[in-house]
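Below you'll find a set of structures to go through.
Two complexes, one shared chain (subunit A), two partners (subunit B, subunit C).
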Partner chain A sequence: MNSQVLSVFDELLRSPRAIAERSRAGGDLRPLFVASLAALVLGAGVFGATLATSRGGLQLLYSGVKLPLAMVATMLLVVPAFHAIAAGLGRPLSFSGMIGLTLAAAGRGALVLVALSPLTWLCFDRGLTYHPGVLLAVACYGLAGVAALDLVLKGVGFDARGFAIVSLFAGVLFVTGGQTAWMLRPFLGRPSAATVPFFRHRESSFWDAVQQSSLSSFGVYQLTKVEAEGEAIRSSAPGPRLENADESR
Partner chain B sequence: MNLADLGVLYGVAGVLSGAVVYRSRSRRDARAVAAALLSAPLWPLWLPVLFASQRAERDAQHSAATETEAALLEGHEAVRNTPLEPLLPRAAVDRLLGELRRATERYAELSHLLSKKGFDRAAAEERLARLEQRAASPRTLASARLHLENVARLQSLAARDRRALEELSELIAALRTQLVFARYSGSSPGEAGDIVTEVWARVEMLGTSSDGPLFELDSTLRAEEYALGQARPDSG
Partner chain C sequence: MISVPRPSLGARLTSSETHGAAQELARLGVGLGLAAVYGLALGARTGAMSLVQHALAASAGLAAVAVLGIPALFVLLALVNAPVSPGAMLSAGARSLASAGFVLAGLAPSAALLAVTIESPDAAAFVTRAGLTLAGGIGLFQLASSVRAMLHDLTPEARLKCNALLLCFSLFAIMLAARVWYSLPILKGAA
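Entry: the complex of A and B
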């Protein structure tokens, strides 16, 4: 089985069509499952740790663990939805085939993240600040997502119906993955924090964060009620201020 | 129900899934442990893949046998009511089919037997090593060695049967195409005749290995080995 797993690893990068065919055909999908899971965990782990280089220390370990966790949790949540969407739109695949396809797509996306890790690391090393860093990470996720959805599209069929299925699935994936990752943050780490938490307290939602980050990257800062209270206390205290000192993604 | 409750339920389901997967494996080896460990956190994804793969394996075994039978029947159909029919007459096909089914069933039985816990070679080796380590009595050691050797013999029998069936399957597929070719090209059936001869030879070999009184042989061996164990100088 080990040689099969290695060959699937190779196919994930070189022949997405073969992977899609394999998923559609069904049969023994264990090597595909194991290889895809390994690619997902390793790829997301490396990229997570790369994102944390802006903060360093324990955050490297935490992000390296949490990003794969976020991706696997997302897979657990979206596969049944994907199966339902495809079946509802007239492209039923076996459930195991659907799992193989989705996991392979996620593994491929994670491998793309690995490929983007050196560039991301370089940008942080050259002094990329916090919000542009968040946007860079989002752009990397976007690219990885395109590579992953390309594989899914090959699996469900490259036609109008296939596009409709993949578009709906992408919508589910975006919301579910975003919220899952949001619950597991921080990945980059709070620049001013003395300690690194494994999880942040639950506050707002993924959608609020998208809005806030977009505005902040253009220099428009909105404060939540809690942050506003903190700001009021700090503004009365002496000492230097750091840009975006209280935010973390 | 909050997120923590859901997490606990998910974890309980994961532990149960892991236990079911481990217990359902015919061999309790490292692979079984790995499959169980993968089931615990990822049961909603892993279990469907695992069960579908196991089903596909069973189907593949079954269809291999039926494919060979179909090839044989197609070969006969190709020569029926032609001057080539004596090469593969219906009576011969029926006998070949009978032998094939017998050999396939025997292989399936052997495979099933070997998948049972009591026939696990690794476990038998481990048990023998453990007995040797704790300096068990020579009689106990002789019995454990005999058990291990019997398991090894059964494994080699199963491997030989599998190989023979695979070879026969390929040969019958070649015979079918050769007969079809001879029929449509009008060429000499010489080569097809050679293949038929070879098929019969293989079937005779299958018959030989099938006819062997496996368990009588084992009991004879057991007695001999046991006697040897008693006769060994270190047996006390």
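Entry: the complex of A and C
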């Protein structure tokens, strides 16, 4: 079993087509499940901890635990949608095959995150600040996502219908994964923060944050009622003001 | 003895094979039941009676298309001498609505997370609409594919008429389903 798991690690990187075909064929998928889950937990854990090096301390442990948790939770939530979309568009796969394919794709993405961890650490070590750090993390997730979706595409078929299935699935994955990660933040943590919370209190949503960030990039800043009240109090107090000083992602 | 693996629920619901009326009605019923699962997920935002309201409204959108739309499409296609039979239309309708219901059920876990955790009513309404649009679109795609498969032997002129009717039906089905689905409290801005 151990040697089979190790050979799956290798296949995840080198032969996504073989992994996709194995998921489609069904049969004994346990080595694939174990290897993919191990790659997912290990890869996301290492990358999560790397992101937290900008904050250090307890945040290293928290992010190392929370990023795999976010990825596994997202996988659990989106597999039924993937199964249904593929069946609805005429590419029905067995549910276990679908789980194998999705888990393998996530594991492959996580291995890409491991490969990007040293570069990410080096950037933070050389003084990369908070906001560029967030952008770097997003770019890393993007690269890992492309590697993962490549495997999924090979599983559902490399044609127009396959592209449609993967695109719709990617949309569901983006929204669900974004909201799951949003609920589990912070992952980087602010260096200026006095304490390190495991979770931030519930506020707004991933969707609202995307909307707000899009507006902010065009120089339009929106404040909620609570923020506006806080702003009024802070503006009357002495001392320097930092942009987005209370945010952490 | 060689055992043949049983096809998955998704494969059975979306299969293009035609069965007897009872089996097709059962397929339709399963599709409507699965659509109710999506409604339940949306109703989790406020809980209690909202669960039932959302479950009923989510299924009702598909049921309205089944009851009001599919028979009308059959009559119109028959008027232009398309080679369609009531049995084949029932099968096509059951297949498309079962596909839409299956997709809605698949989206239910994500919808439950989003409905419960998103604070903004507008954002919650947006993701609800996106889910309904995705499932409705896949259902329409299945129906159009099934009906077009029946039109192979027609002359190009007759096929053009049938395709035009199919397009008009698609617009009608979208408006009808949207009309019913807009009774969902989450789309009316219920917190």
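Here is the rule we go by: the second predicted complex is superposed on the first by the 214 of 249 C-alpha atoms of A that agree within 3 Å, B and C clash if a C-alpha of one lies under 4 Å from a C-alpha of the other, contacts with A are read in each partner's own complex, and residues count from 1 in each chain.
In the analysis below, contacts are C-beta pairs under 8 Å (C-beta built on N, C-alpha and C of every residue); 3 or more make two chains touch, one makes a residue touch a chain.
Keep in mind that what you see is a predicted model, and the values were worked out from it rather than measured.
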**Asked** Given the touch rule stated above, what does A:Leu143 touch, subunit B (first), subunit C (second), both, or neither?
**Response** neither
**Message:** Under the stated touch criterion, which partner chain does A:Ala170 make contact with: subunit B (first), subunit C (second), both, or neither?
**Reply:** neither
**Request:** Based on the superposed arrangement, let me know which partner A:Arg30 touches: subunit B (first), subunit C (second), both, or neither?
**Result:** first
**Message:** Looking at A:Ala115 after the superposition, I want to know if it touches subunit B, subunit C, both of them or none. Which is it: first, second, both, neither?
**Reply:** neither
**Request:** Answer with first, second, both or neither: which of subunit B and subunit C does A:Leu13 touch in the superposed model?
**Result:** neither
**Prompt:** Residues of subunit A touched: more by subunit B or subunit C?
**Reply:** C
**Message:** By the touch definition at the top of the document, which applies to A:Ala81: first (subunit B), second (subunit C), both, or neither?
**Reply:** second
**Prompt:** With the two structures laid over each other on chain A, which partner does A:Gln179 touch: subunit B (first), subunit C (second), both, or neither?
**Reply:** second
**Message:** Touch test for A:Ser94: subunit B only (first), subunit C only (second), both, or neither?
**Reply:** both
**Message:** Taking the stated contact definition, name every residue in subunit A that is touched by subunit B in one complex and by subunit C in the other, in rising order.
**Reply:** 26, 76, 80, 94-95
**Prompt:** Inside the complex, what are the residues of subunit C that reach subunit A?
**Reply:** 5, 7-8, 10-11, 13-14, 99-100, 102-110, 113-114, 117-120, 123, 126-127, 130, 134-135, 138-139, 141-142, 145
**Complete:** subunit B contacts subunit A in the complex at 38, 42, 44-46, 48-53, 56-57, 60
**Request:** Over in the complex, which subunit A residues touch subunit C? Could you list them?
**Result:** 26, 76-78, 80-90, 92-95, 168, 171-172, 175-176, 179-180, 183, 202-205, 207-208, 211
**Item:** In the complex with subunit B, residue positions of subunit A that touch it
**Value:** 26-30, 33-34, 37, 72, 75-76, 79-80, 94-96, 99-100, 103
